[in-house]
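Each of the next two complexes has subunit A plus one more chain, namely subunit B in the first and subunit C in the second.
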Partner chain A sequence: MAFTFSTFIQQVINGLSLGSVYALIAVGYSLVYSILLFSNFAHGGFLVVGGYACYYLLTQWGYGVSVSMFGALIASGITAVITERLAYKPIRERTSLTLYLLIASMGVNIIIENLFVVTVGGRIRALPQNTFPTGVFSLWGGVTLSASDILSLVTAVIFLGLLQVFLNRTRWGLAIRAAACDIRTAGLMGVNVTFLISLVFFVAGVLAAVGGIFLSVRYSLYPQLGSITTKAFIAAVIGGLGSLPGAVVGSLILGLAEMLTAGFISSQMRDLVVYSLLVIMLLIRPAGFFGKEISEKI
Partner chain B sequence: MKRTLILILIGFALALWPLGGYQEGIVILMCINCIAAMGVSILTGFTGIFTLGHAAYMALGAYTTAILTVRYGVHWFPAVIAGGLMAVIIAWLIGIPTLKLTGDYYAIASIGLGEAIRLILENWQSFTRGARGFPGIDPYTTRTMAVVIFIVLAILMFNLLDSRLGRELRASRDDGTAASLMGFNTPRTRMKALVISAFFCGIAGSLLGGYMSFIQPSMFDMMKSTELTAVVVFGGLGSMSGTILGSAAITLIMEYFRDISQYRMLIYGLLLVVIMVFRPEGLLGSHEVWELLRWRRKNNA
Partner chain C sequence: MPKILLEAQDIHVNYGAIQALAGFSLKLMENEIVSVIGANGAGKSTFMNALMGMVKVSKGDIFLDGYPLSSKNYKVVRSGLALVPEGRRVFAPLTVEENLRIGAFTRKETADLQEDYDWVFSLFPILKERLNQYAGTLSGGEQQMLAIARALMARPRVLLLDEPSLGLAPIIIREIFRELKRVNEQGVSILLVEQNARQALLLSHRAYVLQTGRLLKEGLSKDLLEDKDIKAAYLGQSA
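Right after this comes the complex of A and B.
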């Protein structure tokens, strides 16, 4: 494939659009990691719940777009809180080994995925046509910019901005930042840790749902859609586990790398490039771009 | 000695008990799963390195054996050994840079490595026939052969765990710093564990290829890797007999639910969560089955 400037610009636009969706997922995952120090593999499940909730609110109950999206965010947030209460809390109280949480989270992911397979079937669905603006703007030299690209970028910026305000300007945001430093001390200082953890899971679930809705617009909706979170995990690791700016930067890098590989090498290579990036990053700088350097992890 | 005898007796029972074709298949599958689980157990249970990519070593074993037997007409026995050795070589190459990582970091790196190996197998059309799979493998995996290989490897594994190397592995799991102060070369210990576990998984993959006579990269995806680690945790981290019992039990349970295959994965997920919540130490905890029996006898007396 020849290198042309317009292809380059086109792939950069696609990469940023994809990266912004990854960012929404990666930030939620990183937020949970920063508090509980374990990889929550059920995050993909929350995303799927959000996608299906939006789909059914739109098609079965005939609500408008904004109500459906709001409902989807709440549904996914509540799923995350319930998961934490039923599965993770008993384990946390019993042991400090995060391995058990990791495996339980994989179990939860499998449960959510297969609940959808069993109840609504594994069929691939698409959100109704006119849900989101579908216009395509032609720029110069054949480069196009679709309305959904703009929408996903803008939404990602809005939600990440809201999160930033929440973390930096509110009391609970302060508590979450304190807990990310040292959860035990935060507890001793009078933070209600149980509520705090639920809150973190709720926020993570909401962000996952936003990502899920955009993924189902971009691709389509199916029970295994959550497996795309593996990419968001990788983005979070590249940026630095537990660091929110890191998760955003990592996501954009990953989105760009994927789309540029697809545009200039071949689209079969894009996943291979993603995994190679991960391994190279872990070898050079395991803590990622923005991660805390902790000797124990190296 | 007594343990070896009992294992050999179990082997005779598994190999000679008259069974129908379907049950024979289950026994073969059980042996294969147990071999792979033993491999992951020595790494995760005994050395404390959590992996989520070991299905890739099964894939390497399976493809090496398949290509050697089908394309070059090699006898199955050297081909199966070559499958194990191929996994060893790749594991060693991968281990040099990545074994420095610990905890979640190694786990996430192993996802990346495992998926990368699978994607290479999938995209190397001319050599592996790509995503559509590799058909026409001679069905060389018979019940007797699977049982014999399983029992031999199990005897080797139990003796290895009782040896100096076994103590080294446990020491570097329990406290790496203390172990290296005692004079153990912990990076080398971790490497040995990785290489041994890759060998077991490679052999298991080779046998799986011979049993199914068809392999496909998607058989060895992240789901399979997760399953391997989950089985080890289910049996009990740090218990080899627990791993074998757990793996056999999971194989039977999944086989039992084959008729309602829709619900199979749902039940599997529930099982994982319920075990983690109610019995995170697994079936046997970190004890071997004969240790538990001995205690019981002592307490009764």
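Right after this comes the complex of A and C.
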């Protein structure tokens, strides 16, 4: 029994740590969805750009951790903005069917992935050992809390908090919330909608990079790392696409579900549980926990 | 001699094969209220959207103070036009206060908006009571008042209104039109588009009658109110 309880606590810690990384990624998905109403599958690509930028800034150019992270966030943010300008804007201007955007985003994801395969190769890399604190604290009954768990939780809280402040306390934040409700009318308020969309992509890209760096630390770095964003996407759907609190809640649920499954059933069952959760959610409440009912969208 | 504030010349707009505007021209003088009346599908909203840079004008020119108006939506708002769109389109999940604040988006960051809030509350006192309520919870009439107040927060030189009377009770319509008159007396020129021809003609100084994208008639509103054809076609059924 004692063993089970400590396993439970251990897996809750792991789950929250994983969930916090998902949350950073899922919020980016949801943010873009809330404005343009499509699921941007290139988000995984932005994340990979962030991971590699951090890796090369650290190893090749020898910058410190903070400069490298900052550089990675900017690189990913800019990639997101360029992607929107080159791939999505021309489509948006021609049609209001978001299906085309969805397909384009899948294409962009494949392009980014393969650009890395071609240029730096497909081999798996690890961020240098000393990048982040690696200490492990023993709690009780064998339960451990690693510095990287704490770091990812704290970072997620800080970034999501900053996002919240940006959306709720600034002029452009208000404009983004208005645009999420009705983008044409936001334009009527004198908001430069083209700039607003770029801004949203930049923010989503930055958040993806933070997630990418943490994933590179937790697992390792390779061109297909972005495929992990499928999980974050599922989290966003479970929470309700377009809702930021929903993305966070969905991510924590998913992280916990995965880790508890791994702890009590088996690690192989993780994905089965994740997809089952998705299917159940779609059957019971297709709009997700915090999603807008379809009638509200019109 | 009053000065021309806004001038649209020979405006053409197409939606694919549909020609929504086929050469419509209009002038709005400083401090004037002008209305455009016309039936469903006449092209009234299209005209408003063309002025605001929301639809592409395939031929024709628009001038403000004699200078060409930008075709970019946000620049049009910055140069002093504000539209109250058809169907109000308040931001339902935002509070009344936030709706008003986004209305002031083009104002300087440092601008003191207190005076503007006081102004719109003096026009529509109910908004002050509803300040922290979500706009989606307001009644139709209150939403229309909010949509107008939101546009006024931009301190426009020209206030454009697309069917503000749509779906509202006659008593609310009268209240709103009374306040529009006050807005105009405070120096804001108004361009009003309406199916409710009688209300529009009673408020405006001059009017244009639009029919399937073309001018049918123009003149002083008081003359059009007495016009035989207009009476038969547009004033018969409206309140």
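Here is the rule we use: the second predicted complex is superposed on the first by the 291 of 298 C-alpha atoms of A that agree within 3 Å, B and C clash if a C-alpha of one lies under 4 Å from a C-alpha of the other, contacts with A are read in each partner's own complex, and residues count from 1 in each chain.
Here, a contact is a pair of C-beta atoms (placed from the backbone, for glycine too) under 8 Å apart; a residue touches a chain by one contact, two chains touch by 3 or more.
Because the structure is predicted, anything quoted here is derived from the model rather than measured.
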{"item": "Clash-or-fit label for the pair subunit B, subunit C on subunit A", "value": "fit"}
{"item": "Subunit B versus subunit C as contact partner of A:L241, first or second or both or neither", "value": "first"}
{"item": "First, second, both or neither for A:S39, with subunit B first and subunit C second", "value": "first"}
{"item": "Partner chain(s) touched by A:A178 [first = subunit B, second = subunit C, both, neither]", "value": "second"}
{"item": "Subunit A residues touched by each partner, larger count belonging to subunit B or subunit C", "value": "B"}
{"item": "Vertex subunit A, arms to subunit B and subunit C (CA centres, degrees, nearest 10)", "value": "90"}
{"item": "Partner chain in contact with A:V108 - subunit B first, subunit C second, else both or neither", "value": "first"}
{"item": "Touched partner set for A:F233, first subunit B, second subunit C, both or neither", "value": "first"}
{"item": "Which of subunit B and subunit C A:R169 touches, first, second, both or neither", "value": "neither"}
{"item": "Touched partner set for A:G187, first subunit B, second subunit C, both or neither", "value": "second"}
{"item": "Partner chain in contact with A:Y275 - subunit B first, subunit C second, else both or neither", "value": "first"}
{"item": "Overlay on shared chain A, then closest C-alpha pair between subunit B and subunit C (Å)", "value": "16"}
{"item": "Footprint overlap on subunit A, comparing subunit B with subunit C", "value": "296"}
{"item": "Residues of subunit A touching subunit B in the complex", "value": "37-39, 87, 90-91, 94-95, 97-104, 106-111, 113-115, 117-118, 230, 233-234, 237, 241, 268-269, 271-272, 275-276, 278-279, 282-283, 286, 296-298"}
{"item": "Complex contact set, residues of subunit A against subunit C", "value": "171, 174-175, 177-178, 181-182, 184-193, 296"}
{"item": "Complex contact set, residues of subunit C against subunit A", "value": "52, 54, 73-74, 77-78, 82-83, 85, 89, 91-94, 98, 101-103, 105-106, 109, 150, 154"}
{"item": "Subunit A-touching residues of subunit B, taken from the complex the two chains share", "value": "50, 97-98, 100-105, 107-109, 111-113, 115-116, 119-120, 123, 222, 226, 229-230, 233, 237, 262-263, 265-266, 268-273, 276-277, 280"}
